[in-house]
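Next come two complexes, and both contain chain A; in the first it sits with chain B, in the second with chain C.
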Partner chain A sequence: MSQPTAKTWDEFMEGVWRQNPVFVMVLGMCPALAVTVSAINALSMGVATTFVLICSCALVSMTRRFTPKEVRIAVYIVIIATFVTAVDYAIQAISLALYDALGAFIQLIVVNCIILGRAEAHAAKNPPLPAMINAAGMGLGFTIGLFALGSVREIFGAGALFGVPLFGEGFQPWVVMVLPPGGFFVLGCWLLLFAAIERRKQRKLVEVTENV
Partner chain B sequence: MSIEIRSAPHIKAPRSVEMIMRHVVWSLMPICAFYIYQYGLSAFASLVVVTGSCLLTERWFTKTGTQSGDISDYSAVITGLLLALSLPPGFPLWMGAVAGFVAIALGKALFGGIGFNVFNPALVGRAFVQAAFPQAIATYTPSFLPGRFHEMVPSSMAVPFMQPADVLEWLKLKQLDALAGATPLAKWKFEGVLAGAEELVTSLSGHMAVGPSPALILVCGIYLAMRRFMDWRIPAAILGSAGLTAWILFAISPERFPNPFFMLFSGGLILGAVYMATDMATSPVTPKGMWVYGAFIGLMTVVIRYYSGLPEGVMYAILLGNAATPLIERITQPTPFGKSALARLGQVKRGASYPLHPGYISREDAGAVTPKKRFLPNKPKREDRES
Partner chain C sequence: MSAEVTMVPQTTPTAAMIRTLGLISAICGLIIVGAYQSTYDAVQENKRIAVERAVFKVIPSAKSIVEYWALSDGQIEKVGAGGTAQAGAIKFFAGYDEPGKLVGLAAEGAAKGYSDYVRILFAYDPSAATVTGFGVVSARETPGIGDKITVDKAFLANFPLEAKLSDDGMVLAHEIRTVKHGSKTNPWEIDAISGATITSRAVGKGINDTAQTLLPRIAPHLEKLKEKS
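== the complex of A and B ==
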């Protein structure tokens, strides 16, 4: 029993950490740079993408046996578009302000390369349950990535997190952080941080193997 | 006795990066002194803090090995001094420190250190703070305020990450006439008030919110050019092209555009032309390219000043020029000695001293046959690597 659990956990963590869509694979950069002006926008974008990712991967995986190879991309797009439409209406019903803030990027989840990539690379080859677990991991990784960008940009750009002011009156907002260049700066800094962690880990690994 | 075979140059002047940079720093000293004389204590604090921030960042990046070069080559000092001179004197010190850090980290260390940077580091720092703190960077204080040597501008001492104090209130207490706290360029752009050319050249009369005297900067620049620490072509081309463009526009409609002298001596054009555009790593090395580069910067400066929402355009003009530098160098390669006759006959496509498509980039020009692909016999399989 322990064997499958370990493998499932591994599959889940693959998307969260080792193959993180934002920090490692650098996929889905359009929403990652465009809607991460505040933490709440980033988080809801991540949740919406995760929902679409899990549902469409499950359906793609279920229909994998009788999907003709030649038209599979069109089939995936139709499946993804269905769930995106559902999410689109759901967000509109829950919060109109959020819907306006996210704008066209909710509809653009259809062309998010993480979802199409997962459907093509994983869901089309695996049974529904592993496909959903993998998709959930990827979705969580994407949400974490977006949140990391959104929170830093909101803290610097507005002095707040989730709309709660952190520094009190008289905080000087860094206007650049809520502008497009700020997205690139913050993404670059996060990538730098992860590259530095990775390099340190490699160096330690080399030291350990040398000592042995 | 051993014979050493080397490629040119064979005669070297006793001249190093560090020595050139040191001379530039010395030539900046009178300008800094004048700036402190104009604005007093807060100008001094701004110079010290921004340069210190640049030096600390440089020290950290050279020590951790991210960046080549050495902190003792004075290049970070130049970056810091130029950055401080281009910021308003009452700029909050913590924002100045941010600008210094961004200048070295983003403008220099990221590219690999001295000589590798694509953009002038001081201008990268300034562009960042201009985008981040647009209000603070547009707030100038008048020069020659009474009591400037024992009182700082209140906005200088803002608590880090907090908004600076209101300077206009403080200026009202001083009770001086005609204090708008705007630079001559902003005054012309938004209020239609034109300052006289003589006042601008010396920066000495009245309480104008201007940088150090353009005349002094030109004198220091001439010293550098005479010692050949700087190429005279770039400032000459920038000033010539900016002056010419402004003069043509002035001739077309004198009531709409200011006179060319105002264009040349206001804002940071002289400082930018003499000290920032001539940065050796970011400007073309070919003589013809220097003229093209300077003419482009001068033209862009006038265009941005006249037709955009910003009052000042020197910074963006120079950054655009820096970006165009590799292209300019490529199209202005000098003809090597002895090649010109062939070039005229059309035998040589272009008088480049290196092939435009070297063999390691493209084999098609040389008509070479691409070698057949050979696969490794023991290429590791995908499954092996993953397990």
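== the complex of A and C ==
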């Protein structure tokens, strides 16, 4: 009985780490670069995307048996758009300031390739529960990715984290970090780090096999 | 793979497709309506609070506000007191203190800034005929440069800003203008922030555009506005 749990955990970690949408697959770059000017924006965007991801994957998976393949993309888009609309209203109800900060990128979750990709590649072929777990993993991975970008950009670009000043009056903000080029710059640094870790892992693997 | 190649291409009957799409649309429609209904009150409340907060910020001594339309025929009427806004009507806010005395008026102004329209809310003191300050409603100016308009001490020192009406009461006596940093000579000019001239100019133009049409319309009704009704 331990096998399903291990597999479930594996499915979950797939999106969080090995197939991380931001750092490994480099998907969903439009919101990842545009809204990550502060940690709270990044986190909210991640949570919103995760919610849409889980709900739409669940519905896609539930309707998978009677969805003819000719109309599947239309079905996915309608489902995803529905949950994006719901999130849109929810964010307006929670905070208008946040809504203004995220701007059009909430609506643009509809065309986020991570969600469509999950629906097509996973949810359409699996029962609801595994589909939701996989989606949750992907969503968490995306949120972590956005948070990694947002926190670094806010710390350097505004000298604060979650709006709490870190360095005191004397700090001269590194403004380029909260401008679009800063997004590319920070993303590049993170990708570099991940590539380095990956290469190190592979080198170790080679060493081990050579020794054997 | 090979099984797919040899398979006779099967077409799904149209009825099945329509059925699926219809069902999905119905479910999605329900979800959207549910989300809209359940968040409607909270969203409206949030919007109202956001506007009020902005008005209270520019008229700090106000304790309550009343919204008015300044109609194009020179009349004013309360917002929501029957009928919808007419073409050319300008919305403004009257701020009152605790006993119900008028402490200031506020209205929105907008002008093209560096990257988008800079929408501001400015406060007008009718007794002194000055613009006493402003707050940003929405702007997407460059962080660290254009967004200094709300924090730059030298820029904020431009206010109060003279906004007297001309003798015939039809326009402002002097157009509110933004001038280059360090060249302000008159009380109706705004000294721009060095390095953020375009954004500073948008503030001046936004105030001027609204004030030129709104203030002459309000002027005849000031007596009526003085006490909270």
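Note that the second predicted complex is superposed on the first by the 212 of 212 C-alpha atoms of A that agree within 3 Å, B and C clash if a C-alpha of one lies under 4 Å from a C-alpha of the other, contacts with A are read in each partner's own complex, and residues count from 1 in each chain.
Throughout what follows, contacts are C-beta pairs under 8 Å (C-beta built on N, C-alpha and C of every residue); 3 or more make two chains touch, one makes a residue touch a chain.
Given the structure is predicted, the values throughout are model-derived calculations rather than measurements.
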| item | value |
| --- | --- |
| Partner chain in contact with A:Val78 - chain B first, chain C second, else both or neither | second |
| Chain B versus chain C as contact partner of A:Pro127, first or second or both or neither | neither |
| First (chain B), second (chain C), both or neither touched by A:Glu70 | second |
| Which superposed partner A:Phe167 touches (first chain B, second chain C, both, neither) | first |
| Touching partner for A:Val175 - first (chain B), second (chain C), both, neither | both |
| Touched partner set for A:Ser95, first chain B, second chain C, both or neither | second |
| Of chain C and chain B, partner touching more chain A residues | C |
| Residues of chain A at both interfaces, chain B in one complex, chain C in the other | 175, 179 |
| Residues of chain C touching chain A in the complex | 12, 16-17, 19-21, 23-25, 27-28, 31-32, 34-36, 39, 42-43, 46-47, 50, 138, 142-145 |
| Contacting residues of chain B [partner chain A, same complex] | 92, 95, 128, 131-134, 136, 158, 161-164 |
| Interface residues, chain A side, partner chain B - complex | 159, 167, 170-172, 174-177, 179, 181 |
| Chain A residues touching chain C - in the complex, by the definition given at the top | 37, 59, 63, 66-71, 74-75, 78-79, 81-83, 85-86, 89-90, 92-97, 100, 157, 173, 175, 178-179 |
